[in-house]
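Submitted below is the structure of interest, expressed as structure tokens.
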């Protein structure tokens, strides 16, 4: 049994981690902590665990909960993980950070987009970017995994096959993304109150969302050169789910069937990535609460463009699910362990 | 044109008042203020008025916006209106208070349920309880109107006909009420964030909700004696609307048709109260955004009980709509002026 | 491995059964069929299984899919199961029927409430009513389990402790229940279209809902005599979940703490029933997608009544989850096998 | 008073027309009919009119309800209006068709996209395309108005200013649109049932949605040449509202402020079009139930593209609201008559 701890267990990604780790056949939860809930039982933060678990949020200094752990999940705000990671590394623990602090090999990128210097640049250079379907081998031996953002996970899984095949023009990529409100975090905000958001669809974060460098950096590895994309995030009145619609010009005429074939062959045997057939379009609820991704595509012969679509659960494959997948890799477990549940539908 | 001002224009009832008063053919809005938005244009508080209105929230002391007004609407937290009302009375203005401060003739009731002494008990004794369908004549000549709570409006309109007819046993009344989240106010709260409340149904405020004394006090006038009811409020994942289900034992055998007939005859020609037929059950969206109430009833011959149902919009007939109706009465306008729009459906 | 088959796999309870059985560690799905989807792959009926499962809905006569099964789940409309069950019994298979056909020991009750004669009255007399927390021993040796309705499961688990303790007056029980739309089935209906139901709360099925005889019959066993209750179902704009609010007069003065204590002691060690403390009220999303039930209660000392609340997932503990729990009992498996996942929240 | 009739009054656009016309100060409703509701009172089709209106759906042949009308609104399926219009023209009535039959001057376009020959090609050639902010003068003297589709209204209002200014490259336009479910009509469909669509976001209609020729044809008039765009529609779990996000390459460097200035100056004094400032992004609920459009824009200097956004209510400015605006123009009424209500928010 892998001994695991969570720091930041009262936010949405933290809560999803608890759910997945408590249900994981090879994991023992040895600690949890949260600035806001120190000393309180898990059920005070999360109604779904009332009566089910007797875990208590640790009191005392931030890493107390991690003492007995082999792997520590950090589900904290940006800039907080890098304060804790050096000591955890020193203590020989594996670290999976769900925030942005360890997603960039170049600490300069972090500083440019998050507005502050990185406090342990050596460590971020050595961290793995935890997107197993694209860079599995880099993850297996890592000490630190920078778990990808939800939008980058969707964008990279959707576009990597066509980028690798040279089928799309990198100068023409436009990404229109739609997320449920859990992606905005648990902190109360007037505009995210139920009565305000209910039945409302809106854009936000234009035109410089912080997930851009992850998307552009990841795609650059497949195109073999730096690229820039337009990225337009929106909020959908639903609790969970990302629907990502990417459009680009084809470099040669191509049918929908060919594009879907290229995508499917790019992910042979991948347990968590499913390419839909040409009669089926993705929908977010098909992957609700899971680590699965469904991909679709349509060629628009009138304009010579292709539309690629990805759906995932922003807290699942977009955060906690992928973090557990990375943990499975780090510890040599079956990669799908604890992650095979299908969506709660309808 | 009646000159009207609003104090508390950045909360949900305040915003609904703005909407209704701007659309009212006989009203001129002469001022608006809000603690949180002093000096800002209306569109900073309300997206629906962007580009539409050039109103600005007044700066300076709380009553500055009311200077030119003949009628002042107070849409504030409990205990705040009674601080302002004496001066407004002195200045000869009519007052419609949408909070609880002037709903009780007996200031002791206010103190018992709201936990603080009333600072102008003489004024509350003389205020009218603004539920026109039940006590219209009291309202017309009032200087101060205590605008009823949303649940009491629904409960009293639903039960008054049967109470007046002696058809239900006052010892047996159970009220199960369901409200949309706008009823909980605009202040951000973790549990009312979109992601938390979406797809969730819950109870709250048990067993001593502050609307109880209004409900019991109002029904007492029809039963001719003091009564106690059980009142159970719930929150529904929708922005607006109240569905109130009341159950009581019949004092004599009766059919659904008879009950509906008694209810319909109790409200002859009332423009805002519609009693549905025996094939139709109420639904909240039928009255969304309006000042209308729809009532239904079913006799359960197996148990000798009657189920009475009311739907209204908690911000409409349950707050701002009724406040405008009261203003129409105070100023001798057509009672339906500015209030005849039907629901936005679906 | 228990070999299981489903008849009626394209409706909501059928889909939930597939989800649970595919994730069950001790079950092998050997067949599935559906009148509407014969010959089609599972993913045509259910987006959540696309790419995940290669099951195909059987063609041919209705029981073809059940040929290799030891246990057959029937998720069909009323009156359809009783046509198939005699042959399944003959073939020695265990049967779990999720419809109403085998819920009543007295075939006359079935006829009275469902309007047609029972075609195999002998079999229904011998069937077990599958509510394990109340009648576990009856289930273990049954050949046929009549899986309870969603509302009766909630009502009986909520009220049985107080009925058994003689704490509530059986003449005074009023049940106000609220359900998500999946409870209404998958058949398209104009009033259940998204645009109509979204943001709408409504009552339905008054005053003679077909779940009444199950509720009254079950409670009668605890009260030791026949009873009648008032039951008022409503539809909530959410996909899943039941919130049941029951009110009754106490037979003696009692505190909330005492009531909760009695309820908790009634379910000692029950893995799926959690009684909340006096600071916590139930909410449906705490049990979304699970087999758990959360119970709450509040005494209203002003009226001498108690309010008891239950939340469950109508497709989980209210249907497919409970069916799997019953299967576990029938085959001597761990009762919680395949059912320990907690709610997807938020 | 203008005498108006509706054919197709039981669908969503028909219901919205009823709402607007009943509230219009200069209109008298003289007839309504619907294939599905002949002979029934309005309240059987629409809960919001129960107790409010005594209108009855006409029986008999389709145009019976139109006998006394000066203007007839047709809210029918494609291909149905062109069967009725010749006779209405002959009788001297003005016609506003909310379907696609009279939106194209070239009947060949109709045939190409709707798959059937036009039965009165002469009449469609002479019909006006009813988008007043762009082609007001053409509408005033028309006998037949082809009322625009909801997506084209949003797309054309958003992009016309930049197309007219030569600021965007017509070869690079990508439109990602999102609509509430009322846009899909009232006909029951399994996938649009509440339980299926709730909390789900999906794409549909790719890559050849029937609104494309309206969008491309309209833009062609501003670019001065034929163009092709990529159009990707999605369904949002809300009842009403369209959010349209259009992206294009700028033909010269430009700031967000400049773009917004150009847009605002393109619509001087337009009562229904509001261009938001550079700190505000559009949201659909700001225009719920209204005839208003809010426009926003952001330049992405990293890629040289501009993002233009429009929100409107698909049943309001996207259908019935615009139809009433067109009627006002046809009869020389104040263009805003009956259309000044602001959004029901929250």
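Letters are used for the chains, namely A, B, C and D, taken in the order the chains are written, and counting of residues starts over at 1 for each.
We adopt the following convention: contacts are C-beta pairs under 8 Å (C-beta built on N, C-alpha and C of every residue); 3 or more make two chains touch, one makes a residue touch a chain.
If you're wondering where the values come from, they're calculated on a predicted model, not measured in any experiment.
Q: Counting C-beta pairs in contact, does A-C beat A-D or the other way around?
A: Result: the pair with more contacts is A-D.
Q: Using only the C-alpha atoms, find the rotation that maps subunit C onto subunit D and quote its angle between 0 and 180 degrees, to the nearest 5.
A: C-alpha superposition angle, subunit C on subunit D: 180 degrees.
Q: Name the chain whose C-alpha centroid is farthest from the C-alpha centroid of subunit B.
A: Chain centre farthest from subunit B's centre: A.
Q: How many Å are there between the centre of subunit C and the centre of subunit D, using C-alpha atoms for each centre?
A: Those two chain centres are 45 Å apart.
Q: Cα centroid separation between subunit A and subunit D, in whole Å?
A: Roughly 38 Å, centre to centre.
Q: If you average the CA atoms of subunit A and of subunit C, how far apart do the two points sit, in angstrom?
A: The computed centroid separation for subunit A versus subunit C comes out at 36 Å.
Q: Residues of subunit A touching 2+ other chains?
A: 12, 180, 182, 195-196, 198-199, 237-240, 283, 285, 288, 346
Q: Give the list of subunit B residues in touch with subunit D in this complex.
A: Residues in contact with subunit D: 12, 15, 19, 22-23, 43, 46-52, 182, 198-199, 239-240, 274-276, 280, 283, 285-290, 292, 294, 340-346.
Q: So in the complex, the part of subunit A that touches subunit D is made up of which residues?
A: It comes out as residues 172, 174, 176, 178, 180, 195-196, 198-204, 206-208, 228-230, 232, 234, 236-241, 243, 245, 247, 281-285, 288, 296, 298-303, 305, 307, 309, 311, 346.
Q: Which residues of subunit B touch subunit A in the complex?
A: So the residues of subunit B in touch with subunit A come to 12, 180-182, 184, 186, 188-190, 192-199, 237-240.
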